[in-house]
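What follows is chain A paired twice: with chain B in the first complex and chain C in the second.
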Partner chain A sequence: MKAAAFDFSRASDINELTALKEGEKFVAGNQSLGPMMNLRLVRANRLVDIATLPALRKANEHSNHVEFGAAVTHAEIEDGETPDPANGWMKKAAANIAHRAVRNRGTIGGSLAHADPAADWVIVLTGLDAKVALIGPDGERKVNIEDFITGPYTTVLKENEFIASVEVPKRPTSACWGYWKFMRQVGEFAKASATVLIDQENGFYRCALGALEGPPLVLPRPLDIIEGDLGPKKAVEDALSVRKIASYDMHVAALERALEQAKEGLRL
Partner chain B sequence: MNTASTTITMSINGREVSGNAEPRTHLADFLREELLLTGTHLGCEQGVCGACTLMVDGRQVRSCLTLAVSCEKAEIETVEGYNRDPLMAEIRDAFKRHHGLQCGYCTPGMLAAVYDLIRRHPEADEDIIRRQLSGNLCRCTGYAGIVEAVKDVLAGNTPEATVTPGPRAFIPITEAKPATGGEESGEVVRLETGSSLSDLPSRAQLSEGIELIRSLDLDVSSDAIWQILKDPQKVVSCIPGASLTSQTDHNLIHGVCKVAVGPMAATFRGSAEVSTNDEALSGNVIGKGKDRLSRSILEGCLDYSVSANDNGGSSIKIKMLYRLSGPLSQFGRPAIVEEIADQLLKQIGVSLVEAATGKTTASNSHNSVGGISILLKSLLNILKKRFDRKL
Partner chain C sequence: MTTKVKGPASKKGIGASLSRQEDDRYLNGRGKFVGDIKMQGMLELAFVRSPIAHGNITGVTTPETPKDRVFTAKSLCDVKSIKADSGLPGFRSSLQPILADEKVRHVGEPIVACLAESRARAEDLCELVTVEIDELPAVSDMRKARDKAAPLVHEHWEENVFLESCVETDFEAAKTDAASVVKRTFRTARQCMAPIEGRGVIALWDRHLEMLTIHSATQIPHIIRTGLAGCLGLDHGQVRIIAPDVGGGFGFKSQLLSEEVCAAWIAMHLDRPIRWLEDRREHLSGTANCREHYYEITGYAGTDGELLAVDCEAIVDAGAYSTYPFSACLESAQIASILPGPYRLKGYRCKTWSVSTNKPPLLPYRGVARTGVCFAIELLLDALARDLGITPEEIRRKNLVTPEAMPFVNITNKYFDSGDYPKALSKALEAIDINSIRKEKASQSGDKLTGVGLSIFCEQGAHGTSVYHGWGIPMVPGFEQAGARLTPDGGLELRVGVHSHGQGLETTLAQIAYDEIGVDPKKVKVVHGDTAYTPYSTGTWGSRCIVMAGGAVGAASAALGDRIKHIAAHLLQCGREDITLEDGMAHAGKSSVSIEEVAKTWYLKPQQLPDDVDPRGLEVTEGYKTVQDTGTFSYACHAVKVAVDIKSGNIELLDYVIVEDAGTMINPMIVDGQVVGGTVQGIGTALFEEMPFDYSGQPLASTLADYHLPVAGDIPPVRITHMETPSPLSRFGQKGIGESGAIGPPAAIANAVNDALSPLGVEVSEIPMTPERVLSVIKQSERKQVA
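Here is the complex of A and B:
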């Protein structure tokens, strides 16, 4: 199908972005919005292209984190054109997002704003304890990734607010990471996913589940899960009882495999 | 909507070309319809099949998900190009020798993906080849011939690629066309007066559907809740975004339900048949609704029953079987529908209690509910039984 008609303009200045009118939408890579528009599930009066805004096309290394501009593409991260906060883990995750043709245009900020529960960055950035920097008419605010997504395709972004950048904490080389996703076919959205982060140097541990019905779930008692005192199945069961998910076998298996990957790193 | 088209200039296969395109025109349509370069094929137009893959500034992209207006000054290489490119010549020859194509529909996209694969993974083994080509669907070859062709090119003295990724362009801003209204957004609501029972799905047809079971505990007696539940009008008024358009004999209801999830919004119009059993405090609804804009259909059946619980309150048990088809179903995965249903149920529970206790129903609200969506609709249907549902 073809998209319903809309207008198009290219933003020239970041300040224009906080003055969107009713029915206007940002577009960067168009890899999530595009299909929805082509299927006419989404209509817009105007698309404002932010893919080439210099302010969103940065990737800065700071002492404790790396700041990825919202319009950095998956392929740029895959190809190592951006600084690496965490032992190549983001690079590897980026390389397995959808297909190369999609990665060449899709952006990290766009993926988060779209907030598909099964998307890679949604779970990976949660696993890495990222922060999302938002700019709105009232200025900038930073939101922890686990507070950013509130439901399927739903975030805390307000009217006229946009994602400026994503801040990913740096991890020492001694830290270990596991990320597993189950897909029906290579490149498809995940059916279940999980991450495990073991950063002993900073005393930071995180186990997270993705591809749930809503936002990723950061599991309580991560250290107990990692050390084996709390089995993956029990951990998921306890945490999900609140969320009423009917079947979580694949999520348990994804967590088990992510744990295996991360612990593999520990032995090295 | 009258969206002005603009003139776009880009380099296609090494030649500068200008043409007119509306903002909504994607690159593949621009090439095919405006420039008559029909070598670029369109399969799904939603980024799944890979048939439209081509090079923009030396990088493979889906041309169905790339707006032509965003390609101003870009360098495009289509299957008609690669003139005198030794690598593409070798790939084409290998495809021919290894039967890497049959009907040829996927071939233009496949060639672009293979070209990029060989450039980026000169050491690729079969596993890498298959993974890298997983975004390009071929229904004829079983991929074996394609993989063999790629291996063959990699095994030999692979020629240098002449199409290489350029720096990512930073284009000076141009303010485009004057704003126009959102086309088709003000669709005229037509009542579906022609629905008859025979349009509704049967239980047998829904047996392969997705099942959703929920219960809702309320602080109101079961009798009071039943007074609401047996009246479709009242139930509908408790459902955010839903309204009844008409009610005919044999409990056939027609209605509308608006739902919005994230950027998606749908208006399901449809009919449902409701039957209730006053003695058992139970009922069921079978219905079907359609969202015209997305051409998506939601159909399902809902069984519900009310029982008293220990503390003087009541609980409503709901079992629904539904089937969502059409474009929306791609975004309405069962888990997401469950989440939406749960959110919706919470709001419906509050409204039911208000209605049963005589307080004004908070939701006369025919506004659509954010965050609920697909499931919602289904639930709505269920609940209300009736009306359309949708998404």
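Here is the complex of A and C:
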């Protein structure tokens, strides 16, 4: 269980990233790539480390959103070292990713690029309606998070295109949020997860399911679900019948509990 | 004979919670494991392992270069396969090849060995090897292993069965008056033991002396020496096994490995040190497993809950090969003999099959068969209690062996040496506060259901010759010896053939010697894990060390003490019988001399010794046997409170109580550590750990992301209450306790879950109790309601 030989270099300029040669790969926190290289499931001639590139390390507040550089770590978000777009929800989610050792290195961009269906940022950022900013040889583009992840471990990223940043819309203090993931053990990937966002001020509502065998699922009729006109069981059943997923008991429970959390906030 | 133990006044001897002397070394990073040892010219070994569970090898192609770095079964001439037969009638023999030649019988079986300067380079070399295998249908389900149509794991056998056995005592007569007859099937998952350190070996051949030195992460150095010498055709005198610091064993390191034999053979033929360090992936997917049992069990009880008879058919999935030295019979033979647990029983019948499948071999894991057996009998008792409308504690009280009946010979001829089982039960009920949990249950609402569960069991430890010789396996424990030597500066060296890899023997053995001679434990060096320095021993397993090695150290220390007294008496000009040894001094009335001075006199100033000196000096090897070798019986009652989330299937442990009787505790803190550590492993068995295989024999959990071990956050505070009934069989009244903690949790937790689920009328019957399993059981209740 040792990686095959590879070279390693540290990128010093963002332009290097769009000019990688055959067999070269980005590495950020190495928390997902490292294990796969050790198992020899992934190979590279060279790893180009982007974790210290200043352009990817910034986190800036804009009028309507916060922009997180791709190489911002889970721990930095957890520790409140980055601006907060939404009532501390990201901070809380970050704190529950894996263990601290993993959070010290793992990055928000790496998480999205890796696109593990059970990963936290994958569902949380979907719930928060984020956008992903990509830079490639053909220039820059922005993609809605729902369109970014196309399947388990697959995204719209093209050859030599990388995630530059993630834009998370700001939410008013009156907005409410629920995020529930089912994991038996601390540090385990979720077996089922759901988010609920209630932003009455902007008339924005979202219910999403995660830890499915593919990308997260944004549920239709979120307001009906939130107001109780569409029961969680039925909502999940209808939505998942499209995906042909047989067992969704845990996702129903996840949605119920995320709803409970969000509505708890409403009452306050 | 039970020697009188000094009271709690002795702050360093028996009964003192002395801090573990070895921990300073471990906690400060000075432990020295196989992985820490490097030798000049050493090469690292990696294996090409079978990706297929069952098949005929049709071709092996190895790279032309480098020379002498790639080895196949053909290269390993004159090496014998590993064989571990049982003498029990009908036992079918298997041969475990060092490298597979004609056939592979489980995923992960080594086929080709590759060497390089680093492990990564050795793995590169492995990639250049191609192996062609004609895949055969695999046996992956133990329940189908005996089917007529099942493929044969060992082609010359008539069926995939290592051993079939049947025990029957008064069964038909006893069951006739039963008011309640309850039948259940239970299943325990296949597991991987998970010591923090995997296995590892360094083989070094000295061509001048023609001596093979093996550094191996093993629990049983002396037995490995015998096994290895046999496979390689060497004299025992040519083989020295050193077990350095070892990072946990649990039974996983009580096996002669084909990798070990392979490394040794290559070292001998290449004349370079060879190291193999098992990595977690090899460990999980290829080396050895444990625990997989299946039970069909029927209980017969009277109206008052009296257990009349038990009938059981049990299958053990022993995997592809019988392992050396414990063989493929140990686990199933144990099931038949210990299933009755701590209960009185009028009639009994138990049939067992140890079947062979295309999976890695099965090894005895902490608790051996007891964990599965306790699960089966304790869940059966609860099911009977539910059927009869009585409480779990009522049915247990009715049937537990009572203290008045001790010593008690049970229906399978087990000799329960001492104890008060009903009292352990009462204390556990009180500690968990059963009444308030039941009140709480009566008024509960919502998605979380509370339950409380019990398990009670006894653990035979340090059992010897009479128990093991009947199984006819390659190793039969006899008596135990220890060496004791006073050093010229008044320190003490103890030599034992057992190995300490977490048990704290470097402390407890020193405490025993302290009580006999009074040398401060800090000045005691326990030498273990080296066949060159220590007396022969079958090693560390079966909760035997504190009884056997402890007894031997007691005997050797007493004998050495006598020699010290002899010299001290001369120096103090008094009679030997006037001398007492305490705190580093030999006292006679008001006068005294230090033990250090005694040592100095013997070694450095022999001119001061009298003419009638005892020339055998200040070094002894003494032996020990228990009063009878039927084993000490420690016992425990576990009680646990759980909450079951019926929406997610999650189980939360809210409170965990253990009442435990280890007899005389040599070091209560270490007893607690052993019990808690075992309990954590038992919780792993109950809730998390599972090595699933698909129909073709592929292991489905090859990393720790898929094989879930219990972690700190999963463990509730474990509250232990001790009882201390000395064993009449051991030297100080101590009882083996090393495995106990791992036995009780699956049964207690499952009983608690079933108590929680009782409003739904469903029961769990398989471990681990994953959320998926719990939800599917809850679904049965929904289906029942619809019907």
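Operating definition for what follows: the second predicted complex is superposed on the first by the 268 of 268 C-alpha atoms of A that agree within 3 Å, B and C clash if a C-alpha of one lies under 4 Å from a C-alpha of the other, contacts with A are read in each partner's own complex, and residues count from 1 in each chain.
Just so it is clear, a contact is a pair of C-beta atoms (placed from the backbone, for glycine too) under 8 Å apart; a residue touches a chain by one contact, two chains touch by 3 or more.
Remember, predicted model here, so these are calculated numbers, not experimental data.
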Overlay on chain A: chain C relative to chain B, clash or fit: clash
Partner chain(s) touched by A:39 [first = chain B, second = chain C, both, neither]: both
First (chain B), second (chain C), both or neither touched by A:143: neither
First (chain B), second (chain C), both or neither touched by A:5: both
Touch count on chain A, higher of chain B and chain C: B
Which superposed partner A:249 touches (first chain B, second chain C, both, neither): second
Which superposed partner A:223 touches (first chain B, second chain C, both, neither): neither
Touched partner set for A:20, first chain B, second chain C, both or neither: neither
Partner chain(s) touched by A:186 [first = chain B, second = chain C, both, neither]: both
657-665, 693-701 or 765-773: stretch of chain C that collides with chain B: 693-701
On chain A, the residue positions that both chain B and chain C contact, one per complex: 1-5, 35, 39-40, 185-187
Chain A to chain B touching residues, read off their complex: 1-13, 21, 23, 25, 27, 30-31, 33-47, 49, 51-52, 54, 57, 75, 98-102, 104-105, 114-115, 117-118, 150-154, 185-187, 211-214, 244-246
Chain A contact footprint on chain C (complex, rising order): 118-120, 123-124, 127, 279-282, 447, 645, 647-650, 687-688, 703, 705, 708, 710-714, 771-772, 775
Residue ranges of chain A in contact with chain C within the complex: 1-5, 35, 39-40, 182, 184-189, 191-192, 247, 249-250, 252-254, 256
Footprint of chain A on chain B - complex, ascending: 1-3, 22-24, 26, 29, 45-48, 50, 53, 56, 59-62, 64-67, 69-70, 113, 116-117, 120, 130-132, 134-136, 168-185, 261-266, 293-295, 327-328, 330-331, 333, 335-336, 338-340, 342-343, 370-371, 373
